[in-house]
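A, B, C, D and E label the chains in the order they appear, each numbered from 1.
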Amino acid sequence: ASAAPARAADAPVVAAASDLKFALEEIAARFRAEGGRDLRLTFGSSGNFARQIEQGAPFEIFLSADEEYVFRLADKGLMSDRGQLYAIGRIALVASHGSPLALDAGLAGLRDALAHDRIKRFAIANPEHAPYGRAAEQALRHAGLWDRLRPTLVLGENVSQAAQFATSSSAQGGIVAYSLALAPAVSQVARHVLLPAEWHLPLNQRMALAKNAGATAKAFYAYLGGKPARDIFIRYGFTLPGESS
Amino acid sequence: MDWPALSLSLHLALWTCAILIPMGVVIARTLAFRPPRAKGLIEALIALPLVLPPTVLGYYLMVLMGNATPFGQAWAALTGRSLVFTFEGLLIASVLFNLPFAVQPLQRAFDAIPPNLREAAWVGGMSAWTTFCRVELPIAWPGLLSALVLTFAHTLGEFGVVLMVGGSIPGETKTIAIAIYDRVQAFDDAAAGIMSMFLLLFSFLTIGLVYALGGRVARRRG
Amino acid sequence: MECDGVAWFDSAAGVRLSPQERRVGFVFQDYALFPHMTALGNIVSALGHLPSRARAARARDLLAMVHLEGLEGRRPDDLSGGQRQRVALARALARDPAVLLLDEPFSAVDQVTRGKLHRELAQLRRAVRVPIVLVTHDLEEAGRLADRMTILHQGRTLQTGRPFDILARPDNALVARLVGQRNVFEGEIAAHSAERGVMLLRWGPITLEVRDDPRFAAGDRVAWMVPAAGIILHRRDRPSRGEHENPVHGVVEEYVPLGDTAQVAMRVDGDADTVLAFAVSTHVAGRNGIKPGVAIAVSLLAEAIHLMAA
Amino acid sequence: MDWPALSLSLHLALWTCAILIPMGVVIARTLAFRPPRAKGLIEALIALPLVLPPTVLGYYLMVLMGNATPFGQAWAALTGRSLVFTFEGLLIASVLFNLPFAVQPLQRAFDAIPPNLREAAWVGGMSAWTTFCRVELPIAWPGLLSALVLTFAHTLGEFGVVLMVGGSIPGETKTIAIAIYDRVQAFDDAAAGIMSMFLLLFSFLTIGLVYALGGRVARRRG
Amino acid sequence: MECDGVAWFDSAAGVRLSPQERRVGFVFQDYALFPHMTALGNIVSALGHLPSRARAARARDLLAMVHLEGLEGRRPDDLSGGQRQRVALARALARDPAVLLLDEPFSAVDQVTRGKLHRELAQLRRAVRVPIVLVTHDLEEAGRLADRMTILHQGRTLQTGRPFDILARPDNALVARLVGQRNVFEGEIAAHSAERGVMLLRWGPITLEVRDDPRFAAGDRVAWMVPAAGIILHRRDRPSRGEHENPVHGVVEEYVPLGDTAQVAMRVDGDADTVLAFAVSTHVAGRNGIKPGVAIAVSLLAEAIHLMAA
């Protein structure tokens, strides 16, 4: 007899990057409403998931924030194929309502705040391993602010935590996933402005089916490429492959 | 409130206690009554989980129990399931991680049993097993209770190891601690707050209980 | 090792009974009562050899035997030292032991209670008829309770025998001191005087007449002792004929009246290191004006002097 | 090896000990010698960090120490720096989190000092302070050592709380535990392995030392 | 509370000296030596009132005073019980105390060592000349060492006086029993016989003659006791004239020879619950064939019988 409690009807587990938190929950709800079977969603850092899949984690679909992880797993023969691009991430500058930071797509406000020493703490995801952190670094370098900003940086373990830090009273702002900035829970406490896509390498978000994926997982995988899903991704600020922003 | 996560955490905590307490009793009794040469070494080994970052411990446990190791393969061959990312794997990790919390109070409790009480039981005709049940256990009871409640509460609160070894699969390895963290990450402070309060109250009550009981025993001795 | 016809330990035959098989009643120095059980429960715990129905009744009988009726439900913490000792005794008897071992059973009990327990143990010994081994530091206790006594010192057996014999005739000076003799000295046999049945013992400047003892010859160095009762004070008020027997002169060093009798320590003239200790009745001491610094004389009764190997 | 992170961790551990041990001694002495009415309550409060998920504890600490609370504002007004994302904030969190690890062995140590030794010191003319230095401390020394090493090692390994209130700022809040986690996340297994081994060995040695010392003391008593 | 002219505690005047100010030497029941300090360190620790240069020398003097030269460097764990006791004593004296309090200082020491320590304390008392308060359960110890003695029982003071007086003339039956008297009974004053200076005491079926005691009148119920020394065995070998004094007949219940003297318990004829305890010299007992079951008679010396309030 298994020690485990009854499992939720063996619904497939979908592992997804943290930046998809709000978008994917909405898509899954819609999938279910349209007659799809039950799914179990789990969000976290893409790197962690990749590592867990290498160790045999029973994720049937992997939606990575960084396509490198999908390629890496596919090359090891752990996925059914090299998957498909489902969205391209964008980054946004956010600041809590109480922050003195003025927001603009050209980062003039940030430059000004830096010049006046009004930036004590600025949050991004850890560029060492988080794709959104890397993108934020590239954007800041492009704007020529990286070196000025560097001493103030606080690094989130993933982009969600970076958003947490950026909107807390202890930081004056941050660069996080546009999808998170748009989420109601975040937009209630913080302002945001989208940053130009050209300032950083494209955040190609790739998904793939696991080798052992079942029917439900395959159906959802297909659903993610369909119109309702694409609409939701767009609403949460993602650029879709084949469309321009 | 994430009820499946809470139910999972309670399951995990109960099973951890069910496995760890008897194990802890055996280890603690051995260290207390028949201390082996390597006593200090064993105690240091048992205490290691106290000082290793839980995520790191979890990472190595994941690798160790994974399908790439002989241990993981043997398990998979025997049970038909892999060990990582299952409740069973979580349970093993939880048992290891809680080892010091269970063994230390138990060892103190068994250490405090005067040797001549056991001798008195033997010359009174009690077998080793009867002596254990009727003399050692009742006298070590406060320590046992302390081990039980600490293990239980600490398992409820465990985060790092579970995150790595479990993979946070809802209904299977997503515990209440992970659920709270998830809610925090999702900016859902209200839900996180309610769940935290619940855990906090629960912990406070159980620990208060243990200390009240421990205190009463200490007063009776003093 | 054998007990009551049953071998407990015989390394040749490979016999080594476990404590459970040994049928020995053990009263531990600190009683070792189970703190979580009642007095009755403690006794029942040692009655595993009876059918479970019969245990409570037997335990009650045993409690009654040690005069603890009514205290069945008390835990050790709520019993006095003497009561605990009796529960421990009843528990030891519960096993129907082939031998009873008591390890300083009375050391934690005050003097008056101790006297009472001594008398109870003496009665019990007649009632239960099992050999009893009693370990004690208290010589009076041993003398009172034992048929045979063994003096152990630093792990060695020094002397075994009837208490009276050991107290009156210790084998050597160490035993003599261990059994509380304070007047233990060394000397040398000066001469035999076979016709009178005496020997002469040279003790520093003094020569004493002692009973003839064939174990020793002239010139032997010996240890010797004289019990307090063998030292007779020369009364100043009414000199008696006993005063010719081994007279020793000295000065009172210490005078401790204690109820009817008084302890006197006398420093022997001519040997500042030698003190004789003896007792006199308090009123005799008073009549003779005994107090520190006073010069007195005593006789050492030849009959009472006991010679030992040096 | 991430030397700045290691140095930071050592700094944090030393400072935590420097603050927590005297604090723990005061608390433990009070609980042992002048137990207040609410002893059980206080003990339960001190033990709470044992059972709350560290990340959750960290989250609430971050909120509490943030610039939105009176406490955070007062701190900022006094020092000109905010508390979150600074070494000072980390230190406060670390002290709170380690409280049970320091207080419990200390309390056991002071509890074990026979009251009449303190009375003997007083009637011998020693002031309360001299008694503390010359009698209590030397006798409680093994417990103090145990508290010291446990706090030290546990701070080195602390992850969840530091992750939440620290922000992984190199040289300021990026400790060795975070560095290991970051290397693991970056698929740099070699670096993670080396740092883990180092931490593991260090922990093992320190705990082994404590237990060896503790054991020697126990033997001297037994 | 006042000591040596200094008030320690006076609630009216608000005086309440801290332990540090009290200048009292305290020897704890379990010694309470500091386990982490050497013998010398323990003594130095109580010499805070001296300049630090002078402390070691003074501590050495004190150690010498209690005969522990050479053991300066030993820790309490490596000392025997008697040696620990002496270190504790030296530490207590180190403060130059106005009073010395000893709480059962000898209870953890075996009999022979105890005797030695008694004698040392008696010498010390002469040497240091401070009042000493000694708490003990051991009556002989108290009698031996004390000038004045107070009997405490369950927190109440029962009697205070010279040891000899308390032992010989306890105020009531409880004190009598607490000081170890076994022959404590109840009776009724039957009559005064003033011309002969005696009273008659009715004791069950027996009537005893006792000294006249003006505190009691005919018809009073009284408690009374007779010390073991006031009970004289009627010898079968040579009857003496003393036998007319308060003769009591009975049967030997218990006979415990112990060195020179033997303890005898006699069950009184006509009152199965009453037992008289007394001592005879062992050879007298032997000549008279004393053993359990033998019928004997004793005299209770009228002079020795002590009456107390019932």
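Definition applied: a residue touches a chain if its C-beta (ideal position, glycine included) is under 8 Å from a C-beta of that chain, and two chains touch if they have at least 3 such contacts.
Fair warning: this is a prediction, and the values are worked out from it, not measured in the lab.
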| query | Which chains are shared contacts of chain A and chain D? | reply | B
| note | Most contact pairs found between chains B-D
| Whole-Å separation of chain centres (CA-atom averages), chain C against chain D | 59
| query | Taking each chain's centre as its mean C-alpha position, how far apart are chain B and chain C in Å? | reply | 56
| How many Å are there between the centre of chain C and the centre of chain E, using C-alpha atoms for each centre? | 20
| request: Check each residue of chain C and list the ones that touch at least two other chains. | output: none
| Overlap residues in chain D, where contacts from two or more other chains coincide | 181, 184
| query | Using the touch rule from the top of the page, what residues of chain A touch 2 or more other chains? | reply | 48, 51, 161
| request: Return all touching chain pairs. | output: A-B, A-D, B-C, B-D, C-E, D-E
| remark: Per the touch rule, the chain D residues reaching chain E in their complex are 114, 116-117, 119-127, 130, 134-135, 138-139, 220
| chain A contact footprint on chain B (complex, rising order) | 4, 7-8, 11, 15, 62-63, 66-68, 72, 82, 84-88, 91, 163-164, 167-172, 174, 182, 184-188
| note | The residues of chain D that touch chain B in their complex are 39-41, 43-45, 47-48, 50-56, 59-60, 101, 111, 150, 153-154, 156-160, 177, 180-181, 184, 192, 196, 199-200, 203-204, 206-208, 211-212, 215, 218
| Along chain A, where are the residues that touch chain B in the complex? | 2-5, 7-8, 13, 15, 18, 21-22, 40-44, 48-49, 51-52, 54-59, 158, 160-161, 163-164, 167, 183, 185-186, 189
| message | Touching residues of chain E toward chain C in the complex: what are they? | response | 110-112, 115, 119, 122, 137-140, 143-144, 163-164, 167-168, 177-178, 180, 182, 227, 229, 254, 256-261, 263, 281-282
